[in-house]
């Protein structure tokens, strides 16, 4: 997950409301899908011509326009004119370094979310911006990437027409999309949780510096993850409170549910941070423990052999008058004494629990 | 205590309100007990047929339905229809990864609690979700497990008909159930407190790495424990404020009492975290102390024997003209000098308080 | 200071409002003293018969009943009936594990305080619960222990009838009692402050592990001390705001004074925690410093004697053709070289400031 | 970035509202540029005569006076009289040690901002104070330095007359200036972010003490950076809320946009602090790791050669009766034994993963 | 700066409102100066007779009574009667262990401030209590010490009659006094800032234990400094809000200015704490670095000389059949091998960057 300020600095000096795409996937093709439905009818189409304008037809059908790819500025401006979107909204749609936020422009609500994917190979969290515009009878969703999304289940529910989906308004559709995004966070949290458990085992079994750096990188990812999710709390809370007339009062109970999920996601991230800090503490304490145990080995060796070497040195002196040297049993005696000293030391260390 | 996100990820992609049991005890039998009482009468029965519907009979009796096991989705749906429960409520009942919360659905209050058990053998805290639905003249309690609960004392009080129990309404019954859960927390806190005192002694007497890891695991359990209890504060505070018409004003004084207990539980958990951090600090400082004392032993040995070995080495040299070697008392003299040096060193270390 | 959860767990399963004495001094005798006074008159008596009921006589005299010992449940219940106290109040009076709190029961105010004593010998803070009930013309004070209290100065002021005491109402009496308790905290804080200064000196002069553990225990005491005093802030603030009709508006200025004192107590405790943390940091850094200085001694010794021992070893070799060995001045020369090397090393270490 | 208290202390003892320039660039020339524009017309001039007074002509044109250099107190006083600015405002303009703040003087709004520049060579953040006065049809901007500013893009937009700029009021001009300042922060954040990535690599590859001190200095810069930006949040929030009648309601949506950017800047700074703390932790742990690996080398050498030296010492003893010395194959045998012991040790350390 | 609880404990047991002087300077003489002024007139006198009463004469002149020394209780009581001050106010004036606070007694405002001085020799911050009473046309200032104060500039401004001073009311006089106190803080902060920069250099150049303890003491001073200044924020904020009728609305803008200064003082203190923590971290890391470098020296010495000493030992063995000993070039050869090994080791350490 890269930081957002690189993206921002490209825009310095431009007048506010200027559309500058800030992202990486400029060469890919835009995909536009339009779904129109009411309780009785359902229509789905893919659109190629990015110059066409699709104003919502009448009050009885709900239109969901999903746009994958926000790098074609002409197209975004065209859409903005069709649906009467404010230039600041369009600026935020193409500038994908936003944090989650909600803005009420009177005739429509603008919501920014982050879709998250976990890259297991690099242990990185990838982030994609999703912008949602909710009008009285339409929802437009803008996605940064053209490949992945988490809205398939919602599409399927509209298609098969069962359940509440087709009976409710555009606000329920938007709720479903937000719910899909928040639910997808749990998949990532599960992956992260598993990775943390692996770290926990590694740091006890093989506390190498490599593992340490991996954990550190992972902790840094958590900082960015938190930044992407934390503001969502207020976004959903604002929808739960129902400040906007575009969200019916009967929807509040649903947004309260999303709010609960968001709180759970945030608290789980906090818990992960606590856990990772704990794991790093274990690592550091294990280094200290290792220094301690290395020191012990050194001290044991030195404490046993230094006195013995000294004794050997004494009887290696060349004094003329050293009576012990003449003794018949001098040599075996000194070896015995040396063995005794060595074994005593070992016993002493055993008692001191160094061995 | 396992984290809740594993449970949640099973639900991704399903429409909201879909009942998916998320738990572990799918094979056990559901147990349903129904208690009906008023000031004059009392009736208790166990029900096998999970298809039966028991609508609350009349306004004068209070019905308490206790359901052990939430894995039979048909049954839960059936209950939901009987008592007119919202589909989101049913979803939360069977999805046992909720945090404590209170939701007011107008005709009933829905409350989620966590029942906690302390497993002394594995030093783990086990958690079980309890859902309570309070209507005007009924309480339904859903428990995740079928074996243990903490409601026996409440049952007994209803049976023997003494005290306030039978004279009060359904809100008092619910208060009694919540009070029983919160009171049971103190048992666990007592167990944890004892374990912490054991840790405190161990870390001073035998600060091994094993103890360190145990303390760390325990601290992690505290993180999860805190997550299970912390939101309860707001739940009980909401009931104390009396936002709902289902709770009579005379009950507020009782909920204030539960609120006080909850605060005490939370503050005690915070204290435990502080204590465990303190114990870990003691452990780390004791490692440093040990490194220090090992270093001292090494240094004492080296400082005594290195000069002596050097002296022995000098008189082991093979120079032709070394007058000392010829002296009659050279050998005893050098031994005396060596002994003097050794003893001086020991005295020096004693003065420096290394010994 | 022991934690409160042990006390609480005895009560699990009992109906709310059940009187269970939770404390340690069950065998001591209860002492009841009654003081009745108005501006003109004054009467003081000790009562033995715990069955007697003393309803407050008339509106013109103020009655202060002080009860030392709360383990006689019959007596407490009797008192409760006399003065029309709620069963939850009685429960809190006998269960001495409460935190400071204030509860308004309409006809009387119930306040819990903690009286604190510092045990200089064990460096422990002892805590005793004081419950106060303020009616329109009476104050009842319940103390856990029968020996010590801090109310003598208040008694004396009532007796001698000087100053404001006898002219004011029951609310002023209660204020005086709370003021006496809060003022007594300053005595303890002074003792603690002195102890901390002693620790500060010890940790610099003799940083032994024993001192470290003592400081750690003391820091733990601070955690419990803080828990006993912290909630008092809100209690006094509630009285200052004057939410209750039992406290006259002219009293608010006095409670503001107590509030200021409470704030000072709390901030001083926070400061003590900061100071103790600082002292522990000094201890830990002094261990590192000691490891460092021990290492230096070892390195100096090794760096001087290892090369010298090597040189001695070289001339202890038995090669046939070693011309130096035959030299007349070989031995004095090598000794001079060795002395030069040794002294050079010492000079080098002095320059490096290791000596 | 230097701290502000040096600047402040010069003023001690002077009456409030006294103009004392507190800054460093006293010798430079003041530059005054005046831009007058309306939708139809545009006029730009540089002014030399600092005694001239330029009252805003009429309600239809908007006047922007930009003053580079605030060290000429006469001039500032003159300006103050022309535009009826309060003496406290003038004091704050010349005293460049202010934090960002907003003050509503009724007839005009006074805003203090910090313009920031990053000095890549010294890794320091330079700060310059910008004061803005917004009247009904004029904006006066005071800059501390005469060389750099970030307003060129705004000037250009006024000149070319495209876009919204010339159609909107003075409040939009002030918004554009604030927006330019906040946008310029992203450039600095990008530079800092790159520097942090360099630190991150250095601390892993070459964790020298120099790098450590550099990181520490950089972290200190973050403390000052945070102090310069943090209060901006409230300044912009006050403008978003629209407390002042000088800002039209239609502007609120623009200030909300600036507010979002400010929040992003602040959160990014917080993230940088977290990252730098993490990097310092890596540094410290890498020192411990190095101590550990140095210890290992020492221990391996000592453990191999101490026993061998002892053995050589034994056979260097001069006892008369040492049968091994007479053996024909004694010498090769002992060499073999020594080699065996040495290799065994190496194998042992390999198994222990010390090699 | 000594802690306040010692002072407080002297008062335990006394009735509230009892005057007990709690301070150190009991023997000094009290100095009373009275300044009366209006726009036209000015009168200044020193008073010796502490029994005199000076009621404010008429509404048109403003009286400022400055009292140096609060240890004469009779005098303070006399003053209290003259100006109708509450007994709790008098208690707080003589008890100099207060924190900054503001109290509105209806007919007058009572404000407690702390005057601070920095003792450069002992690196201590000295604190003196200043009490201010603001009536409709008088200000009384009580200072603890008789020697120093920071009010000279205010006196001078009254005397020379220029500027706003003589035209404004008593509230402006009080504002000027508070402003003088707060401005004087900046002098101290500058001194502290310089001392911290010295510490910063010392800890890098000569990180001795003495410097460490000095920094620690300084950090402790910061804790007390913060306690003395922190509550001032709320005091000034209360005056800015203008809760009291004694402060005219036109003054609010001035108090907002003082408020800004107070915020800056507090934030600077916080910054100092951060900086000192950073310096302590540098100290600790430098100890670790030193241990590391000492270890390296030891290891280099041991690694070079242990193998060499072993080799010398081998050829010092007394085996009969050691062919090398007979070689003509054995001795030079072995010396060459030893030199080669030693140099190889040095090269190896250079590559490993230990040298």
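Lettered A, B, C, D and E in written order, each chain numbered from 1.
Assume contacts are C-beta pairs under 8 Å (C-beta built on N, C-alpha and C of every residue); 3 or more make two chains touch, one makes a residue touch a chain.
Since this is a predicted model, take the numbers as computed values, not measurements.
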item	value
Chain centre separation (chain A, chain C; CA means) in Å	43
Centre-of-Cα separation between chain C and chain B, whole angstrom	27
Multi-partner residues of chain A (at least 2 other chains)	288, 291, 295, 298, 302, 306, 309, 313, 316-318, 322
Category of the chain touch graph - line, ring, star, complete, other	ring
Chain ring listed from chain A, with chain D in second place	A, D, E, C, B
Complex contact set, residues of chain B against chain A	3-6, 8-9, 11-17, 86, 88, 97-99, 101, 103, 105, 209, 212-213, 216, 219-220, 223-224, 227, 280, 283-284, 287-288, 290-291, 294-295, 297-298, 301-302, 305-306, 308-309, 312-313, 315-318, 322, 324-331, 334-335, 338
Of all residues in chain B, those that touch chain C in their complex	150, 152-153, 157, 163-165, 175-176, 179-180, 183-184, 186-187, 189-190, 193, 204, 253-254, 256-257, 260-261, 263-264, 267-268, 271, 274-275, 278, 281-282, 285-286, 288-289, 291-292, 295-296, 298-299, 302-303, 306-307, 309-310, 313-314, 316-322, 354
